[in-house]
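There's a structure below that I have some questions on.
Labels A, B, C and D are assigned to the chains in the order they are written; within every chain, residues are numbered from 1.
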Amino acid sequence: MVRKLQVAVSGLGRMGARHALHFLDRTPRAELVAACDPDPKALAWAKQRLEPFGVKIYSDFDEMLKHEGLEAVVVAGITTEHAPQSIRAIDANKHVLCEKPLSTSLEICEGVVEAAKQKPELTVMCGFSRRFDASYRDAASKVESGNIGRVSVIRSQTADKHRDDDYFVQYAKHSGGIFVDANIHDIDLAFWYFGSDSIVKSVTAVGINARLQGLAQYGDVDNGVGIVEFWGGKIAYFYSSRMMAAGQTDTTEIIGTHGKIVVNGNPAQNLVEHHEATGIRRDVPQTYYDRFEQAFVTESNEFTEVILDGKRPPFQLNGAVAALKVGDALQESLRTGKKINFNEIGERIVESKARL
Amino acid sequence: MVRKLQVAVSGLGRMGARHALHFLDRTPRAELVAACDPDPKALAWAKQRLEPFGVKIYSDFDEMLKHEGLEAVVVAGITTEHAPQSIRAIDANKHVLCEKPLSTSLEICEGVVEAAKQKPELTVMCGFSRRFDASYRDAASKVESGNIGRVSVIRSQTADKHRDDDYFVQYAKHSGGIFVDANIHDIDLAFWYFGSDSIVKSVTAVGINARLQGLAQYGDVDNGVGIVEFWGGKIAYFYSSRMMAAGQTDTTEIIGTHGKIVVNGNPAQNLVEHHEATGIRRDVPQTYYDRFEQAFVTESNEFTEVILDGKRPPFQLNGAVAALKVGDALQESLRTGKKINFNEIGERIVESKARL
Amino acid sequence: MVRKLQVAVSGLGRMGARHALHFLDRTPRAELVAACDPDPKALAWAKQRLEPFGVKIYSDFDEMLKHEGLEAVVVAGITTEHAPQSIRAIDANKHVLCEKPLSTSLEICEGVVEAAKQKPELTVMCGFSRRFDASYRDAASKVESGNIGRVSVIRSQTADKHRDDDYFVQYAKHSGGIFVDANIHDIDLAFWYFGSDSIVKSVTAVGINARLQGLAQYGDVDNGVGIVEFWGGKIAYFYSSRMMAAGQTDTTEIIGTHGKIVVNGNPAQNLVEHHEATGIRRDVPQTYYDRFEQAFVTESNEFTEVILDGKRPPFQLNGAVAALKVGDALQESLRTGKKINFNEIGERIVESKARL
Amino acid sequence: MVRKLQVAVSGLGRMGARHALHFLDRTPRAELVAACDPDPKALAWAKQRLEPFGVKIYSDFDEMLKHEGLEAVVVAGITTEHAPQSIRAIDANKHVLCEKPLSTSLEICEGVVEAAKQKPELTVMCGFSRRFDASYRDAASKVESGNIGRVSVIRSQTADKHRDDDYFVQYAKHSGGIFVDANIHDIDLAFWYFGSDSIVKSVTAVGINARLQGLAQYGDVDNGVGIVEFWGGKIAYFYSSRMMAAGQTDTTEIIGTHGKIVVNGNPAQNLVEHHEATGIRRDVPQTYYDRFEQAFVTESNEFTEVILDGKRPPFQLNGAVAALKVGDALQESLRTGKKINFNEIGERIVESKARL
């Protein structure tokens, strides 16, 4: 019989439960053998939905790590546990797929990278879901084909549908801010399409609280715009929002010297258009998961494949650090109102010093 | 000073008034010198809107024909007057631009063509507006370029927005039926893209009264579907409707052996899209004129140019007869429920005869 | 442990192999336990791709039917075996998911329905994949919501991308003709959106060999257009083609008295648009499977769910007979050049009789 | 007879010649009576194309100003003459329609506004063509309807098609830079949709020379990105480019608290789509004039109407100053690499001072 990767999922909240189901039902080469969550509600769900399929349910992460034969762990609980659990899993010689962000702290983030470096035999990936999306990949292959020339400008946005409840406000307590939480994906795309060795030259960000005033107490905004210059004549600019009316509106333009690729310039839930007295209308994906569900499934499958077949991961873990660095700088620029500059080897130029 | 074509418009109803204004304001090489209509309301409008610009207003067509220096007449009154007025204008040696249809009677229609043939020095055109539309012309030039190979199948529809009033029912009294009134444009397109020498092989039509039951009293339908086979392996199929919810939805597909051209696959009033809680929406042209206004203006200008510069008209008058012949056959097929066949020289195959 | 449906797949050609993999990898509640094909090449594939996962490989269908614990069979081999194998599987008390068409012969088709009727405890489904497609289902739910009023006209097409090889010609030997093979899906959609109890009033079809002259020897065409009238004021009209340049172009319009739903009016492979010197371009799905892959997976899962949970199938088996009846009539009309009429209880009106 | 506005056009280069023809042929209530240009080539064109229609041709602007009966002047020559000619025309009591920009110098620009203020009886307009575009106007009316709530973020770009010649480099000598030349339109849109009384809070810009290295010698870039914050929680961000592959790509998003309006999210030359082996393709307007031709014609007509009917102009002259102020700041930020801040009454915050 064919060997299947023995996987466990830690954290069975919204995304964690989805990861668990992706590994249970939609990742043929993996077997979900364990899952854990300290929360009784999540545990109840797991006992009903996962246990009947032979998944062992734990309330304690470290107990789960000892599960016999366990090979890989998906870390998908609360953000503050991402790094500690990833490190413990690495220490226990498990492959790790960690939900983004590794951490909202750069230092902690680097700790995970460091831990992973000690165990080169392990696959440690951070879940940048767009890296697994068919359209973003098609864009990448079109870029690589050279058809659009040298990539020079990237515009990218992560824009969530407005919610009437206080979800975004609650979420802002720990999210690290809209640039770190939402635009982190766009930043990662910039490194993808510009090249992972791109060096940031300057960072500027502004933001407003147009609708969700409650975000202000956490220093967060509901609409942000940022510009990131890279050395070598490359510019990325970003928009993030929590107040889209129609739905999830994540759009990216990759502008080369000889052409342009647009990803999701026309958001649509499916292939249906509705003609009615007020015109022609189409539905739009409502959430991030609506838009990227298949990418998450691809992620599970490729994580599995990379491990089982000893392949190179589709992108490197330290990309998560690079992206967070930029996200952090955007947050700082938002906070201080200042543009932040970096020299050609990526070191921060401290203005006061420069003036001496 | 440059010579301007001296033009008169007969019939100042909805379309006639538009023609008058197109010649008055938007046809630089023509001068609107006269206009006529027997209807007092139309006359009042003309006196207010046209007379101040030096346009002489008549209530009698034949009087107007005698207007000094008059060179060309636009015949745009009620359908039953299209042919008689066109013929009288031709007899009076005026160039003629006649609104479609020349007549709903094939015989009368042929009478106009005959009259025109007697005066080859005159330009006599029938107003198939789509022939002047930039998109249809672009399609024609793409077809001519050979890019789509041999044109083999044409799908074309003329679909009006539903109206809550009884306009369509009143209109049906004299329109000749939906295939003759609406699909006549699509039939003409078939001759354009297949070639004006195409010979009809068979005609079939069906129709329903889905919403406008009142049309039934005049033998008309609010939705019709027809197929026209041409000899030489070409098929055109048509749809017409009076009950579109969103707006005017005239779409054409020109399918060649090696490619396809679509005209107006995505109706849109302008370049605006509206994102709102129910999705993404765009407006649609509400009427035929909304969609084809610029084509009508081009029509006025080219009619003028053909005369002043002695050019060949963009299409021939007898095309109107050919189109009406097909429209008539579609109407007959709708009425009788029978398919109508023609031999390779376009003569009707009479079934009863064939059976003897 | 949770019970999984024990499934076998018969026929491991192109579609059969896909079905096998869908049940192996993407149908969590089913277990692929067996597969069979008489062809050595298919068997070799199965031994390499399926056997390692515990799937027992057979070269004989009847042997496979005896596989211990087998509960359900997917019949996906050559068309002529669809009905016989389905009947034998039913006789052996297996649930059946049969690829479309059950048969190109109406009589044989009815035989399967009859066999299924004898075993009401079995689920016997025919694979109309569009019934499982998210966009067609969304259309259905929008129709059911009443938003577009009473469905009155349906336009639907199945249009394959041109192939340079002789695939379509070879395929035509046994396909039953383009209306039976391709438009059968569109016919089925008409019954879905008009209601499964709709009664055909008339059928007309025409066709040409625009590019694939080789089809003529089998009485088939590469482009077909058909109209199907239903009693009660409903019209469906269809187009099928084997020569689309860009890709699979299956489009459906559902036109109601108060609105219209369009499915796939703008074919697109993904969410990418490419700006280049010649304009803006997007890719199109190349094949039926490119377009409907997810629908096939949904089919596997729902077939499984219907059996395991004792649910009602999403549509009835005799719909396949109804659709084939219409397809057959279209083929006959294509062949004879005649319109075929039916009375209000769906009985054919024989013209010669009617004339006596 | 109806009175027509007596108009002259100064400057018969590319845009000036178009303006002349718009007034000659497409502005029914105006009469083009004179035109001037010092350039012999332009004069030759004018003598051939305009003189036959009774237009008096001048080589000297001041001579033309004395043309008997002249009421209004279109100033469309080289940029450096915009302001001086406008002022002389105002002094001569002529209404003025001045091509944008009034000047690339803020001071000179203010001079024109000052001159106009002295003659309140005159209409003095600056040609922001998008203000006359049907789609931008529809957007404005949708914004005014309140449907999208409070406008909070505007994204807008002016992106020209790449040219293989050195046009853009030559042009850069006097254009004032890409933000002042191209994004000036987008800045004006921001004032339109945010309100003309909006006060700038900060300005940041970056740019690169991705393809047109020759621009660098004039301090210009071929791709620019800028952010303009306004007091009161409003952000506009802009992109400009000279290297679009497909064509003119001017897109604007107006994002409100409750909805979004997109103008030209999907550039298209017309209503045609081309299906071919490489996918589905559409043409894109190649130039600014391709996209905005009708807006320029509307401009001529409304300028005429405002004067003849004593109406209020659709927007105020000092808007041109406000837009230039922002454009200038963007250019400065591009040049210095610094963010520029303004206080709540729009006064520049001088950093060095602040530090004392």
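We take it that a contact is a pair of C-beta atoms (placed from the backbone, for glycine too) under 8 Å apart; a residue touches a chain by one contact, two chains touch by 3 or more.
Computed from a predicted model, the values in this text were never measured in an experiment.
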Problem set entry | From subunit D, the most remote chain by mean C-alpha position | C
Problem set entry | Chain pair, A-B or B-D, that carries the greater number of C-beta contacts | B-D
Problem set entry | Whole-Å gap separating subunit A and subunit B, where each centre is the average of the chain's CA atoms | 57
Seminar exercise, completed: Averaging C-alpha coordinates per chain, one finds the centres of subunit B and subunit D separated by a number of Å equal to 39
Exercise. Which residues of subunit A are in contact with two or more other chains?
Worked result: 148, 244-246, 258-260, 265-266, 269, 275-277, 283
Exercise. What does subunit D use to touch subunit B in their complex?
Worked result: 1-2, 24-26, 28, 52-54, 134-135, 138-139, 142, 147-148, 258-266, 269-277, 283
Exercise. Touching subunit D in the complex: which residues of subunit C?
Worked result: 244-247, 249, 266-269, 275-284
Exercise. What residues of subunit D sit close enough to touch subunit A in their complex?
Worked result: 148-150, 152-153, 155, 162, 202, 204, 206-211, 223, 225, 227, 229, 233-235, 237, 239, 241, 243-246, 255, 257-260, 265-266, 337-339, 341
